[in-house]
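A, B, C and D are the chain letters, set down in written order, and residue numbers restart from 1 in every chain.
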Amino acid sequence: MRRDEKATLVERRALSPDASLLCFRSSFLASALRPGQFTMVRLPEAEGLLLRRPYSFCDAEPDREQFSLLVKEVGRGTRALARLPEGAEVDCLGPLGSTFTMPAPEHRPVIVAGGVGIAPFLAFSRALRAAERDATVLLGGRTAHDLYLREEFEALGMDVRCATEDGSFGEKGRVSVLIDDALAGPVQLYSCGPTPMLVKVAELARERGVAHQVSLERRMGCGMGCCLGCVVYTSEYVRCCSEGPVFDADSIQWDRDRHPL
Amino acid sequence: MRRDEKATLVERRALSPDASLLCFRSSFLASALRPGQFTMVRLPEAEGLLLRRPYSFCDAEPDREQFSLLVKEVGRGTRALARLPEGAEVDCLGPLGSTFTMPAPEHRPVIVAGGVGIAPFLAFSRALRAAERDATVLLGGRTAHDLYLREEFEALGMDVRCATEDGSFGEKGRVSVLIDDALAGPVQLYSCGPTPMLVKVAELARERGVAHQVSLERRMGCGMGCCLGCVVYTSEYVRCCSEGPVFDADSIQWDRDRHPL
Amino acid sequence: MTKPDLSVTIAGIHFRTPLIAASGTFGYGTEYLDVVDYSAIGGIVVKGLYLEPREGCAPPRIWETPSGMLNAIGLQEVGIEKFVTEKMPRLCELDTSVLVNICGSSLEEYAELARILDDVDGVSGIEMNISCPNVHEGGILFGCDPNMAARVTEAVKKKTSLPVIPKLSPNVTDITAVAREVEAAGADALSVMNTIPAMAIDVETRRPRLKNIIGGLSGPAIRPIAVRLVYQTANAVQIPVIGIGGIASHEDALEFLLAGASAVQIGTMGFVDPSVWRKTLDGLEDYCRRHAVAAISELTGAVET
Amino acid sequence: MTKPDLSVTIAGIHFRTPLIAASGTFGYGTEYLDVVDYSAIGGIVVKGLYLEPREGCAPPRIWETPSGMLNAIGLQEVGIEKFVTEKMPRLCELDTSVLVNICGSSLEEYAELARILDDVDGVSGIEMNISCPNVHEGGILFGCDPNMAARVTEAVKKKTSLPVIPKLSPNVTDITAVAREVEAAGADALSVMNTIPAMAIDVETRRPRLKNIIGGLSGPAIRPIAVRLVYQTANAVQIPVIGIGGIASHEDALEFLLAGASAVQIGTMGFVDPSVWRKTLDGLEDYCRRHAVAAISELTGAVET
């Protein structure tokens, strides 16, 4: 069951110079969403925007009828959303798309997230915690600023390890430098972030025979499976919005899709 | 000398359910404008608006570096302007167009204004007052609500007479019912308002041999004389934004221009 | 006043409302079931079909432009066989008229598609996308040449008793020439218009925004062009015209009807606002009441020029 | 890094910046003197001229559409004589290249205009608006028929030693056919594109928004169509192309350059924002610096496909 819901912005928190956590009120979405899913957001009156923009649900608090989005400003739509005044209403179509699935009992969940790819994992970590599962969370970013929500993951008792390209926090380098260590033992990988990172993680996981769920981003027109604008190549073009955004990483033919955005 | 100036909305006053008086700060425009002139306004971020919209300067207070616009909501642009939050900035290109000229000493000025056509006359009445001239101001509207700024004209000591179509204030009927009385003696007429009213006033003035300056409204693209979108027929098409908006009413061939907006 | 009649009949097909979902923007009809009020939809045109399944273009396939969007999907579709066995049964369950949009790379392919569809339950009519390149004649589009457009219309008409509705391309100097030829060739109605070829470039990477370089422009940006083409077409032919291009509100739909359309299709704006169907229909009903219009069909061509 | 060279030379005409004012949107050149930074403008194309003065269309003449505007001015203009005696002297005082846009209703009228302009001081080149109806051949537009476009180009070339720049219409199926024909006929460069025929209706009054019913669509809405046409044209001919259509920023100008334009014209957005010239030029300069481009002309056609 999906709906086009009005959601009211109740709180905005700057996480870095270009990223914010936006908390919205909508009782329907807060209870209906599942970790990994996303929503297509339409802004009021924003200058010249036509299409909705897709955002992963970052967190959900069904009891408070709230959910949050983590927004990184990369263009007109993200900028307008991130600068919305508190109290503003947006239209959120959702929840859309596939979900992360719980790891088998014998597998330790390892989450690999780069930049705004961190977004879908807070809700998922909460779900893991509720199921009394521990997880390793590897966060990467260009600089310390980009390790969004690190403290929230720690507060959930996750084993958080960080890497920054400029070495300003955690290991120096890309998040992939942290993976080797984390893959010891039976593991279920989850990843989301920039395509080069995902490709690298996917290669490693495949080499090691590690199961790997990946959340992909593609330009989206409808989010409902109708425009075929968002496709990802498996053995054919499948829709990121409907068959994804969470895919079994082994099914993706990465070389068919060099510049997907 | 014209400029494209940033003007800040400092005060908004509702005059009726669909009309507001907006007061802006811009020291350049407040001193440069002359009664009868207008400005092309560009809004920030208003949804999907491309072209600027023309508005007559309603009033000017050069000492306070302020000018005001009277805005009636008829479509997207006027609605967005009228609802702008205080403190917002707009781009105002101006001052543009021709001006009302002072009546000869032997002529009593008579102003005929219908609805939002009242706008240009407050600044002009102030100029008449400064020149120690008295004027008769005939205001017309559908209902009492539409007799915008009546009290301001009275405060300037003008002889204000009103007519409303529903009889809710002043005489019942169109503003033209007031004209006959007002045309006694040597008179200089000034008019602005809906086209049918202007045509009627112009016919009467011509019959009586009364000099008559009329301010016209046309759709405008540039306001600068370049697009030729705003033309009015005299003996040829002339530009409302450059040769007008104030014309000698006798020069206009009204029958060439039935549905100008 | 009694409730205005918002239904229309075009080429014998009954549409309970004049709002039809445009091909390629409403999938195979059922995708929007939980978020759209289907009672506001008079008909659905399904995604364009070839005989065989097609993979479509490599991504990126879409890009937003001022008041519009570009797409180069490349007609990714399931092929006629899978459509008939898997998609059509579910479409039949919807209480709405179904038009099947067909595409071919030869006259024969169009004709064969028409032959197959003639026997399929639940199909109300055939919309012919003639913006497909004719591989036999050097890749020229069927739709941009009046003569070729007529030949393909004729070929399709021969194979089916269903109403046949060519969908015209805007990419011509004189749409009335094409319209008159396909009318003479037996077309039962016309859909006007398809997207306009267009392009955008990412200036930082210097790469085209679409992998296919050129895509089709749709959305409100193109509406004034579409209204003009509908006006010209409706004045040139006797058969009904279905107006398409950037419709976002009942005022937009009314522009098309007044210009000469008997019904309209909505595409891009359905992505933006799934409630566009209900809002547009309510707006049309309100307009009819305010203007004392007993049947929406009275508005067709009622522009006062 | 040294200051990038933002000047361009097209058909021997030097433009100190690649930003040119589009015909019909910058009057006779001097209207914007107090509000526009003319140093950012590389050239000015004056309002289209016929031999005789013309009254133009009855109003309303313009209307706003989503991200665009419609106009039907009907080429109200002063005629060549008054232009030469009254307007040209003032244009000469501006330190910028001047192109004169000409229009005719016959081959002979175009040729006569070219002959007159050949002797006029300060004219850098002739832009031929070939979207004018040929009265001798049933009102068909010169610009939509490759053969007629070539004949009018030839006729004009014969009468003048000035560079001749036909301005192509978007309203054709294959712009490369027209482009190649006028190139062969001697065109020195091409302007791409003019407005797109379009229409809007006031649904409350049921009257067209323009008295002329149909007008030309300009502004950002049409930009993706113009970029595509420039890309196709530049790939079909050797002569330089000037890109036109909805440019509002330096990114937009860059799209046209990368697609194959050597310079661009700005029309509608100059109405909206008189500072578009300075801002766009500054943006181009900044882009050149960031991308280590020594001369803006290096960007022409540099899209990576």
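Here is the rule we go by: a contact is a pair of C-beta atoms (placed from the backbone, for glycine too) under 8 Å apart; a residue touches a chain by one contact, two chains touch by 3 or more.
Quantities reported herein were computed from a predicted structural model and do not represent experimental measurements.
Any chain that touches subunit A and also touches subunit B would be listed here, but there is none.
Centroid distances from subunit C, each centroid being the mean of CA atoms, peak for B.
Once the centre of each chain is set as its mean CA position, subunit A and subunit D turn out to be 47 Å apart. The distance from the centre of subunit A to the centre of subunit C, with each centre set as the mean of the Cα atoms, comes to 36 Å. Centre-to-centre separation of subunit C and subunit D, using mean CA positions: 34 Å.
Those residues of subunit B in touch with two or more other chains are numbered 48. For subunit C, the set of residues that touch two or more other chains comprises 66-68, 205, 207, 219-220.
Against subunit C, the residues of subunit D that register as touching in their complex are 65-68, 70, 141, 144-145, 171-174, 196-201, 203, 205-208, 213-214, 217, 219-225, 227-228, 231, 246, 251, 254-255, 258-259, 287, 302-305. On the subunit C side of its complex with subunit A, the touching residues are 24-27, 31-32, 34-35, 47, 55-56, 58-64, 66-69, 71, 73, 76, 205, 207, 211, 219-220, 268, 270-275.
On the side of subunit B, the complex with subunit D involves touching residues 1-4, 42, 48-52, 91, 93, 218-232, 236-237, 256-257, 259-261.
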